[in-house]
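In what follows, structures are represented as structure tokens.
You will see chain A twice below: alongside chain B first, and alongside chain C after that.
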Partner chain A sequence: MLDQIIRDYREAVFDTDGEGAVAVAENALNNGIAAEDIVFKVVIPVIEEMMAVINRDPDANLAQHFMTAQIAATVTEKMLVHFRQPPASQGKVVIGTSAGDLHSLGKRIVMGCLKSLMIEVVDLGVNVTPERFVDAAVEHDAQVIAISSMMIHTARGENGSLAVRRLLQERGLESRVKLVVGGAPYRFDPELYRTVGADAWAEDGITAGRVIQDLIRAVTRP
Partner chain B sequence: MATSAECALTVCAADSRFVTRAAPGASLRDALLQERVFLRASCSGRGICGGCRVRVRSGSLSPATNAERTLLTAALLDDGWRLACQAKLVDDAELDCTDLAMSSGWTALGSAELPQRPLLKATAAVQGPPLGLAVDLGTTHIRVSLWDRRNGQRLSALTTRNPQSGYGSDVLSRLEAAAGGAAHQLSASVLAALGSALGDASALAFGAAAIDHVGRCVIVGNTAMLLLLTQNPSARLLDPVNWRNRISCQPPDGSEWRAPWGLPDRAVVEIAQPLSGFIGSDLLACVLVSRLMEHDVPALLIDVGTNTELALWDGNRLWVTSSPGGPAFEGVGISCGMAGDPGAVYRLQPGESGDELKAAVIGDRIAVGLCGSGLVDAVALLRARGVLRPSGRFNAAPRPGGYPLKLAGGSELSIEPGDIDAFQRGKAAIAASAQALLTEAGMRWEHLHKLHLCGVFGQHLQLDNARAVGLIPGLPDDRVAMHSHAALRGCEEALLERDGCRLLETVAERCRPLNPAHIEHFEDLFIDHLRLQPWPPSEVN
Partner chain C sequence: MTPLQRLIAAVKGEPADRIPIFCNLLDQGAQELGMSLEHYYSNGEHVAEGQLRMRERYGHDNVWSLFYVGKEAELFGCRKILFASDGPPNVAQFVIQDYDDIEKLEVPVDVAAHPAFLETAKCLAILRREVGGKVPICAYLTGSMTFPALLMGMDRWMELLLTGPADLRELLLAKCSEFFRREIAAYRAAGADVLLYSNPFGCTYFVGRKRFREQSLPWMERDLAEGGVDGVVYYCGMSPFANIVGEVIDRLKIGAYYFGPDDDIAEAKAIVADRGLTCGVINDIKMLSWSEQQVRDEVRRIIGAGKGSGRFLFGTGVMPYAIPEANIRAMLDEAYRLGRWE
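On to the complex of A and B.
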């Protein structure tokens, strides 16, 4: 039965049919499948598979990437309500776009992937100052700060990742809080993340999910 | 029959004509050159590039050369097309130069798409030299028209690619290039292009002397283009603090622009001021032409371009925003894409047999690529045939090089998965912005009495296809109006009114700008509109 659900769900996701995907998940729930199983055995494997397909494709279709991440987030959110106990958090991330940058689509995709991976996300929105990033990480006890920058000057500039790194140093938080960056400028120059003082970068939503998972583990390990 | 030693060559442009004389045996190119009409030719008139083709309406010329038989099809030759460098005058002749390609890259704007006269009457008392130039400074294209302000007659209209395209196809990359030290070159390239447009437009109209009679020039454009032109510190636009504010873009005083353009000292150059960091005076010009605000019924205007701008009229206020959808509909970034130049497929329809398609091509030439409306048709037809799925994925992966679009007559274009992706993101950005404006104004798309489409599609969009792929909401044909070259025409109205830019100001005063970055749930709307399907019915609260 689970195999059939996976097949149906995969077909709906492959066709970016959000309503169809939700219907498959809700049907499964009505047929007695646990919400936990739907998320961990259907939603997460299928989104990873889809992203692998999209990433292999030389003509990677961004539109399909966006829609796929959105479907995963929507279905996960609907299933979480039915969990027998609140899901064990895999960690916490504060996320936002850098100061001066109002491009929020990339952040949006990353958030969708993180939510479907059971990572808690504190969304600080757009145009976030370095101080707010660091203050929020401390306040929410987050392991990772994620900064999205779509423009070269906001990625390299003095009010972005560089300043967050400086604050983490000054406040002695570097072992507790990791810094990850993403956005178009980092794709043009894969070494740029080092220049701006980040611990890691990610090329797309699903990679961001994995990279952030790894950073969280690095922090929580004794 | 001419009895004099010289032949009379009559040149008919969009809305004007002039006569020049040349000795028998002179090539058409030489005859035009003496009138400073510079035809596009990359081979300096050696019959190699085919760039100088012109259409002969009547008259007597030397027989077609081998070069012409090679570069022009038999059908084109039969239709009167010749290469100006090859065809020599034997007797009087008349040329049709409405589709003329100028050396500067400026080409004539089709007169069919431009109404002969503006909606406004020209003012009786024209101050200063009588001619005027209207300029629509777009991110991808520049359009200009030359007017006799005394009788309100358009003398010629031209278009070219914005030469700044070499610094990046979108607004953001140009602003970054300017901030990175190229500000002067960016401004100079457009100033030089406008200078040659003035030369070409006036040469087409009257011969070389006319430029001395240009007394007024009005420029509309999006804010970034106007900032780059006037060399305002364009970094200001990269700072969101300035997005909501009005930004002044003034031309320099004195002769800094007039002298290189060859304008007389008394000529006035005016820049219609943008509304805010993300709404330019081009949108205000479109609103003017559509008469959007003259009725008290809800209507939406979309000016489709690289930087699409939208205005929603609720009968009282004008809600405006912009949408950075990218240049897909201008043919940029699309493997088979091109601007609306001769050779562009502007309409596709199912063919007689099998998977063949009937193509309508600008200039009745061999199909070279798809312009915006052709791209909409291609996606809609592939979707209707089940070749494309609603996700934008091909049912079966196309061969390397793309999915073939077989055109009746034997030619073939192809479309790649990446083109579909760019199309989806372009149309979703427009649809999401439109939906966001409606939500902000508390309206549903079903309530719209009129949808005004301006910009790249001209008159050519097949509305059923645009609705099927979700580019526009599902309003019936009689509630959709298409305006070609609306920004240029609004600029023309401002040019012909003595206090013209004031007209645009009155539009600006009613505007409520909505910052695209502050639209709640914009990403949700964007992702919802990525699928190739019609707009869903509005949810009723």
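On to the complex of A and C.
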């Protein structure tokens, strides 16, 4: 039965059919499948599969990333309320756009992917100062700070990732908190993340999920 | 030869001294005039002066009437722009806050007479007086499929486009397209020669082929139907689009294509062939960190792939403020040299 559910769910996700995907999950639930199984055996494997496919697919596009993230996050959220115990956290991320940057789409897609991977996300919104990123990471005990920047000056400038790196250094937090960046400028220059002092970057939202998962593991299981 | 003659020759595939070279320096004008960006962009005289001085300094083949893209949102009533000291201004207030606002949205009837267009008109008048008929004057216009991003943010536009109510989506697109037609007419009347049709949703980085065919193409057709494609340049915000350019040419008959730096220019040129002008574009974000030699090598690669026997232009994106002057000079020097026809 689970195999059929996986097949149906996969088909809905690959067709970016949000309503279809939710229906598959809810049907499964009504047929007695545990919400935990739906998330860990259906939703997460399918999004992981999607990561692999999208990376190889020359026709992959932003609409797909948006819908995949959106669907997976919605289904996960709907299933979570049916969990018998609160789920074990897979890690925690604080995310926002850099100071002076009001572009929120990248952040939203990345957040969707993280949620579907059961990673907790604290959304700091747009135009976030370096101090707020670091303070929030400490306050929430997050393993990762994620910064989205859509312009060159907000990616490379003095109030973005570079300043966050400096604060992490000054406060002796570097082994506890990793820094990941993303957004258009990083796609145009894949080496840029080093220039701005980040630990990693990802070129799309689905890959971001995997990269952030790896960073969380680097902190929690060094 | 004047830069305009050079451009026209390239478009028509006729002989010239060299290929046209576009270098898009916007924010740099403020530096040149020793002003803050906010002060610079408050007055069309500044922008015109900045453009003219940039061209005097570097000798490239175009000037711009574009201040910053957010100006188009100001024509719809956006009142808040976020200025930075080291980068382009951004829309900081979305005119569409919820779906109800789409119905209320009013398309400016007379773009040319709109208060938010006055400084642009002033700039255009000065450019026309100083270099009109000699240097191509460029204008920037956002296509209807992309324009909603300026009115409601990319985030909410993507949501409406992919999951929202179809009637509201179509209504918004119709309003944006109507605006586009009025705007392009206003720019033409004000003397712009090159009309950069900016529409990132016109490539498959943003939407799949199906949506591209079912939505992007028809809306582009509507945008351009009335005014025609004279002077229009197809541009997807630096995203690659060689994979669909054939369909665009067949359907829209636009005469010039401003590719992304990741496009394979030889392939793009082979598809466009003698049906239009192929523009090979350098990755100006990498120009921030490249050495002068790397810049030169890249210019050589692009011109080598695209120049062929003509119908080719070399250009930049919106050059980031922080690109070292030496790299701008190295790029142009190499392009002038390699772009020459014997």
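To be clear about the criterion, the second predicted complex is superposed on the first by the 220 of 222 C-alpha atoms of A that agree within 3 Å, B and C clash if a C-alpha of one lies under 4 Å from a C-alpha of the other, contacts with A are read in each partner's own complex, and residues count from 1 in each chain.
As a convention for this text, contacts are C-beta pairs under 8 Å (C-beta built on N, C-alpha and C of every residue); 3 or more make two chains touch, one makes a residue touch a chain.
For clarity, every value in this text was computed on a predicted model and none was experimentally measured.
On the shared subunit chain A, the superposed partners chain B and chain C overlap sterically.
Of the two partner chains, neither chain B nor chain C is touched by A:207. Legend: residue contacts after superposition of the two complexes on their common chain; A:90 is shown touching neither chain B nor chain C. By the document's definition of touching, of the two partners only chain B reaches A:14; chain C does not.
Touch criterion met: A:188 reaches chain C, while chain B stays clear of it.
In the superposition on chain A, A:156 makes contact with chain C only, not with chain B. Shared-chain residue A:100: touches chain B and chain C both. Residues 16, 59, 61-64, 66-67, 70, 100, 102-105, 108, 151-153 of chain A contact both chain B in one complex and chain C in the other. Touching chain A in their complex are the following residues of chain B: 172, 176, 179, 238-240, 389-393, 416-418, 420-421, 424-425, 428, 515, 517-518, 522-524, 526-527, 530-531. Within the complex, the chain A residues that touch chain B are 14-17, 57, 59, 61-64, 66-67, 70, 100, 102-105, 108, 126-127, 151-153.
Residue ranges on chain C touching chain A, taken from their complex, read 82, 84, 86-88, 90-92, 153-155, 158-159, 161-163, 204-209, 211, 238, 261, 283, 285-286, 288-289, 320-322.
Residues 16, 18, 59, 61-64, 66-67, 70, 100-105, 108, 151-154, 156-157, 185, 188-189, 191-192, 195 of chain A are the ones touching chain C in the complex.
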